[in-house]
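Going by the order they are written in, the chains are A, B, C, D and E; count residues from 1 in each one.
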Amino acid sequence: MKHEEWKKISRIMSKRSLWMVHFCTGCGAMEMPPVMTSRYDMERFGIFAMATPRQADVFLVTGYLAVKTLKRVVQVYEQMRDPKYVIGFGSCTINGGMYWDSYNTIKDLSKYIPVDVYIAGCMPRPEAIIDSFLKLMDMIDKGEAIGWQKYRKYYDQYKRNQKMAFEYRLDEVKPIKEDDKNES
Amino acid sequence: MMKEYELFIGPNHPGVTGNMSYHLWAEGDKITRAETRVGYLHRGFEKLMEKRIWMQNVPLVCRICVPEPDVNEAAYSMAVEDLMGWEIPERAKYIRTIILEMARLSAHLLAVGGVAAALGIYTAAQWGIGDRDYLLDIFEQITGARVYHIYIWPGGVRWDLPKNAKELILKVLDYLEKRMPLYDDLIMHNKVFLRRSVGVGIVPKDKAIEWGVTGPNLRAAGYQLDFRRLEPYAAYDKIDFEVPYYPKLGDYEVLSDGSDIYTRTAIRMLEMQQSIRIIRQALKDMPEGDVLVKENKANKWFGWKVPAGYAYSRVESSKGEFGYFVVSDGGKKPVRVHVRGPSYTHGINVMETIARGMNIADFSPTAISLDVCPPDIER
Amino acid sequence: MVMEIVDILEKILILAGMVTLGFAIGMLFNGIARKVSARIQNRVGPPVYQGFIDVFKLFGKKTNISHGWIFDLAALFSVSGIALAFLFLPVAGYSMLSTDGDLFLILYLLAIPALGFALGAGASGNPNAAVGVMRALMSMLAYELPLVMVMVAMMVYYNTTSLANIVAAQANMQWAFFIPIFFIGALVADMALQGMLMEKPFDIPIAPHEIATGPMVEFGGKHLGALMLYKMMGTVVETTLFVDLFLGGGVVLSVAQYGWLAYLVNFAVWFVLILIVFLIAVMIDNVLPRFRIEQALKFYWKYDALIAIFILIWIFAGVKI
Amino acid sequence: MKAKELFPDAQELRKGRVRIELDKEQITDALKKLKENGYTHFVMLSCVDWIKEGKFELVYHMWSYEYKEHVMLSVKINRDGEDVVSNRELFPQIETYEREIHEMFGVNFVGNPRLGEFILEGWPHMPPMRKDFDTEKFVKDLYYKIPEVNEE
Amino acid sequence: MLTEVLVSLLAGVFLVLALNKYPRVAGVVAFIISLLPFMAVLAWAGTMGITVPSYLKFFTLETSLTYNLGPGVIHLAITPLGWFFLMLLASVFPLTVMFANSFVKRNAGGFYAAMLLTMFGSFGLLLSQDILSFFIFWEIMSWSIFALVLRGHDRRAIVSYLAFGSLSAMLILFGFMMLYYKTNTFLFADMHLTATPLTLAALSLLVAGFAVKGALMPMHAWAPHAYSRSEEPFVAFLSGGLSKLGFFGIILFMYGVVGMSVISSWGTFRGVPWFGYALAVIGAFTAFAGTVLAVMQDDLRKLLAYSSIGQLGYIAIGIGIGTPLAMTGALFQALNHTFFKAVLFLAAGAVFYRTGKWKISELGGLGYKMPFTFLAALFAIFALAAIPITSGFAAKWLLYEAAIQKKFLFVTPIMLIAGVGAFLYAFKILYGVFLGEPRYDVKEAPLSQLIPMWLLVLPLVIFLVIPGWFVDITAPILRGYGMQPIQHTLFSINTGLATYNTLAVIFGMLGGLLVAFILYKWKKQEVVPHIDNYLAGEPPELYEHIGMHASSKYFEPFDEVFGPIFKKGAERGWEIVLSAAEILGTGARKIYTGIVGDYSIYVLLFFIILVGWWLLW
């Protein structure tokens, strides 16, 4: 068989078996039990919650992230093995949502770790969650879910952003564009 | 050389409810020390509420406790009503009762399923959460949302129940009542479950009140104390219901000295039956009329000023006493809103104390049977 | 000389084929178990071929982590050990290597993957894994007592320690299951099987709520894939062991009489029987919580072993020397 | 004995809600007295920042299951770093509340060994629940200025 | 030439004592002398029907020798049984001496002297053909062991060894007296015993006496203390080699002197003589209790000591059953135990040498730091746990088969469960010492410690592949007792109940490993440091230190279940037995002052009495 065909099969396999980390990062985790259990039954699609990041493929960031949690999220994300995917769940991961002016929650998840799929809403319905997984499967099939490659490629930038948030350091925060201009 | 090893139960761990962490030091099979680590969900609610006008805070408060958001709305509304001196319409009181009891039902289904799952009966959790979804459907019909309802407002409830609400609710209640014996067979009469739960995870009875234990956990320790009775709110003073407590466990056998995982679970099962009974009565007795006080109707979009003063309101949630301490200086925004979550004591000082000497296998079931919910600790 | 080489090659091919079949059935069983659990839990459940997908995906992970060469040993030992144990079992009365070994060998071969797995778990240095391994070893100690008691009774009864001979002695539907004393023995062994298969109430070693899947915490990617292969094959090996002991290995037609048709029918019967045995375990798994480890030990050593002792006494009194 | 009888200057806010203003020094004795007189349930300890007065108001909430009465013991202290004696011996949960208030307002409780990081982690700024901490400005200065990841 | 060997062994004792000031030199000298017994084994190999290449034959030895010493005559001769046990001892001995070279620092000359004296005693013991010389050499061996135990400076070890050593000597002495009374001859060959109660009593006393050295319950109480408080090279030799001498004695007197026909005539139960049945039951109990107690230990040496007791119990089972199958199994188990337990004790010594810790709960993570020590220990542990990729399995398997053949319905499950229990403590060693959190930054053990370990592993591999060879080696012994060796080819053994083919296992395992290896090499991997671990998401850099080694009280649930039964039971039982031992052996317990000087006076007195008694005879 050709390399391409192998790749295709491998993609089909990995899209049909998405194991997610059992990490309730925010209040969105409340809609996970219904999605996983008898009403919506995510296991139909081969989606299963796994205890540890080593075993998992998908990280469902369920809702707002306090900075303290972000540290754990980054730790867990880095412990997951490639290929790994992130789904940003709820408005809070997109722009802070309800907590746009909270001093302790980050506002845009994609600044800290690459996000493949976002689900809008507060909180999103189970159908939306399943839809997002189907979308992710579609993206894996087409080879578009490349968040994990992005994390490797722009590792320095992600690390810098994480550090800024972790340390709550106001003085070091400068828009990157200005830096670029100064250098050039 | 440290002989103990450290175990982290959470935040990324199946044995913890929500985003919190127990840091355990253990030797062999026994825990020697435990520390609860919280703050993973800290959003600074109380700070945000000081920045928002009184009405804007209603959508915020419900996010404090996810499994049972309505108690927050109710408690906050009651505190504001207290300061404003509003007396809410009779119909609104009944609707609040129905909503709060439905929330209790759904939270208890989750909690009982959680305890069963922590001990290994995943089937019970699957059934419980599946059945809970029917309640969420009704919430959706009534309020428009599955989880965050924002239905109970200062001055009453947001809008009246839909016309078919009564039939819908009764249908689900009938269904749930039919399911209860199945849960009993699967969980409460399961010999292996009894082996794991009887006499395990004991909160000392004589210390229970001093440690600030409330809710079903306190009743499992042998006190018939329920804020629905002690300080009736909504329509609870007009409704006939029982407060199950140890050793009056109804159909369930008394197998231990109480205050263990088994008794707490039994109390929750009994409370579900009572909730069904309360909702039935409330539906029957509910009068017609307004559901919102006129003052709020007129001013809701502009925000009212609340007279200066202190108010503390409490609601008996499925986990225990949910209290709101509201301070106003007479302005459009609160000066201080302080939330007392029941898990604040259950999750931190109670768990840290009773964990000492506990088997690591029993730790997670105990924490889940105390129904520790982290967001109401750190808010 | 050439014929010999061809013979050896043919044998190796058959062995490789059988091992592949074993792994395939194991993966299928994983899917079936999940499907059945799902139905009990009012769900639809994953497709039955989900096991294949999961294993393939795990081996397809782009990067893997390891905690050093001792950690890697786990993967190697668990897969090869369980495959070896499978080869020494008579499957549907068909002996692959089982004439070269016996029940004791199979019991000890089953320890190779377990110890290898434990080695890897220990090398990961995670306390959860260490506690999990402790529980796994202790539950092994617990369920082996009633199991070996029944096995010893059978060995003495049939006067052989070779599983192939025990299967042969049960030909013509003279299954041990139909002998009253061994019917009780089968019940005892079925409880032990529950522990062997790590199904509730004896899934103590991997209790996710307590120790986050125990020994597996640090396993991911291909390591977890190898481990899953071991577990899946383990279900086949252990249920086959049970079927061989009590249900005559599923032999209903004699090969001498019916030729290849007998092979076909026997394989089908064997498959159905191990599936039934496995599904009983899965169904019990779905309605019971898990014991604590010392409770499991007491259960096996008190109640299960008591019945087994009764069987031993029976055989002791009944067998003439 | 009811709170009204123990503290004659208690002010009844409404039925079942009593507020008592005390000096800082009296608080331990008052808590003890109430605990002995049936106010066995310590509800919570909260802190209000009266920035205009320059005071923090510590409010100790207690509840009596016997009299069905809620007592708020209110103590005002200076905002600028006045120490308070810890009452963790009386009720274990006071320790937790003191940890939180220490972190969120910067009130120092003498005798509580577990003060320190509780909810926040590595927080270098002013305690966030103080009124003079402007969360909106902070957010705009920090989170909104963290750059997007530049994909080039 | 035999005289020269014996004399040079004895001379070596004094030579190394003289070299006390130069421990390294003394070590080398001792090592050279310690090779003598092994050379003797090679020289005698021809008489056992084993062909040894001529370049390995350093000298030729006469097969029998008689010394006429005044009142008594010492008869020495090599027998198959003696040769087999001599082979075990002689192969372990030089390696332990070699290990000691870097390990023993304090008063090394004395250590080597006592070791050589022990070997001298054992050498003579295995050759002796009469009661007299047997007893003399037995006492030389016992007391030189006592000298080595003394070096541990542990009161309990010294007292218990002294008590049990004396008890054993007394029992053996009484047994010999009875035998002599009955037959009026010293020579084994001349004793033609009949089935009388006196013979039974004599044999029982002898077996009880030898059981002390073989650490059979209830005569084991000295072993855990002596094993755990002495220097490792000696303990490796004691546990690996010297403990077998007890079984040598039991086999010699049960089957050689008394004989199967006499034992059987006392009555049989289900085809097994009562006497053997009882021994087998004691063995099974020892195997089980030793295993259970081993699981509960935290001290690495104590664990290994109890494990020794458990493993030696299997040998007793085999001897008790007494069929050719069982005897082969027992001898095979003796061989395995010799090597794997020596490896384990030496590995423990190497670990101590590098870390200075004995407690399992204080060790950890040495597998990556000391990989060769770990691999040797791993292999030994596989042998101990009877995993079929070492020769350990064949021995246990033979014993199981023998038990099933004789329909031991209750003993077999106990043996099997003790085997499973071995997994438990085996993993406790593996995890507690070698796996888990790396706590020490140490180097690999020195070469002088690694070489002995790896050389000792070798036989475990050889006899895995060719168990048939072992059956050949033991065939003369069995024939000597009128038993037929079991059916075998080079690679497979047939017991009549089943066949065990090592080639199938080895090639199956290798094939499986190959396939697994290919599967495993399919994808690349990176090695992460230990701290990059699942901590439920907590970043490790936030914590100064995270204790992740769970080895303290590792099998706590097990301890909780079995502890009350075994620990307390053993202790309480021991008070009774110990007091009995005191009355029987050395009189009231108050004699034990705990002062070493006093004990040496007792020893001297004992010797004087002994010699006087001998001269009077």
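One rule holds in what follows: contacts are C-beta pairs under 8 Å (C-beta built on N, C-alpha and C of every residue); 3 or more make two chains touch, one makes a residue touch a chain.
Keep in mind the model is a prediction, meaning the values are calculated, not measured.
Enquirer: Can you tell me the least number of steps between chain C and chain E, where a step is a move to a chain it touches?
Expert: Tracing touching chains, the least step count from chain C to chain E comes to 1.
Enquirer: Expressed in steps between touching chains, what is the minimal separation of chain D and chain E?
Expert: When the steps are counted carefully, the minimum from chain D to chain E is 2.
Enquirer: Quick check for the class: compute each chain's Cα centroid; which one is farthest from the centroid of chain B?
Expert: The chain farthest from chain B, judged by C-alpha centres, is E.
Enquirer: Determine which two chains are connected by the greatest number of contacting C-beta pairs.
Expert: Looking across every pairing, the one with the most contacts is C-E.
Enquirer: Using CA atom means as chain centres, which chain is nearest the centre of all the protein shown?
Expert: Nearest to the common C-alpha centre lies chain C.
Enquirer: Taking mean CA positions as centres, which chain lies farthest from chain A?
Expert: Centroid comparison gives E as the farthest chain from chain A.
Enquirer: Using mean CA coordinates as chain centres, what's the gap between chain B and chain C in Å?
Expert: Using C-alpha averages as centres, the distance is 45 Å.
Enquirer: Just the number, please: Cα centre separation of chain A and chain C in whole Å.
Expert: So the centre of chain A lies 39 Å away from the centre of chain C.
Enquirer: Could you put a whole-Å number on the gap between the CA centroids of chain C and chain D?
Expert: It comes to 60 Å between the two C-alpha centres.
Enquirer: Let me have the rounded angstrom distance from the C-alpha centre of chain A over to the C-alpha centre of chain D, please.
Expert: Once rounded, the distance between the two centres reads 37 Å.
Enquirer: Going through chain B residue by residue, note those that touch at least 2 other chains and give them in order.
Expert: Answer for chain B, listing residues that touch two or more other chains: 5-6, 11-14, 26, 29, 39, 42, 44, 47-48, 51, 126-127, 130.
Enquirer: Listing for chain A: what residues touch at least two other chains?
Expert: 23, 37-38, 51-54, 68, 71-72, 76, 101-104
Enquirer: What residues in chain E touch two or more of the other chains?
Expert: 532, 534, 536-538, 542, 548-550, 554-555, 557
Enquirer: Which of the chains are touching one another, listed as pairs?
Expert: Pairs of chains that touch one another: A-B, A-C, A-D, A-E, B-C, B-D, B-E, C-E.
Enquirer: How about chain E: which of its residues touch chain C in the complex?
Expert: That would be residues 270-271, 365, 367-368, 374, 378, 382, 385-389, 393, 396-397, 400-401, 404, 407, 409-410, 412-413, 416-417, 419-421, 423-424, 426-427, 430-431, 434-438, 492, 495, 497-501, 503-505, 508-509, 511-513, 515-517, 519-520, 522-528, 530, 532-534, 536, 548-551, 554-555, 557-558, 560-561 of chain E.
Enquirer: Along chain C, where are the residues that touch chain B in the complex?
Expert: 37, 40-43, 127-128, 130-131, 200-201, 203-204, 207-213, 286-293, 295
Enquirer: Considering the complex alone, what residue numbers of chain A touch chain D?
Expert: 67-68, 71, 96, 100-104, 106-108, 110-111, 114, 150, 154, 157-158, 161, 164-170, 173-177
Enquirer: Per the contact definition, I'd like the list of chain D residues that touch chain B in the complex.
Expert: Its residues touching chain B are 13-14, 16-17, 19, 40-44, 46-50, 59, 61, 65, 68, 70, 72, 91-93, 95-97, 118-121, 128-129, 131, 133, 135-136.
Enquirer: Using the touch definition from the top, list the residues of chain A that touch chain E in their complex.
Expert: Within the complex, chain A contacts chain E at residues 23, 52-54, 71-76, 79.
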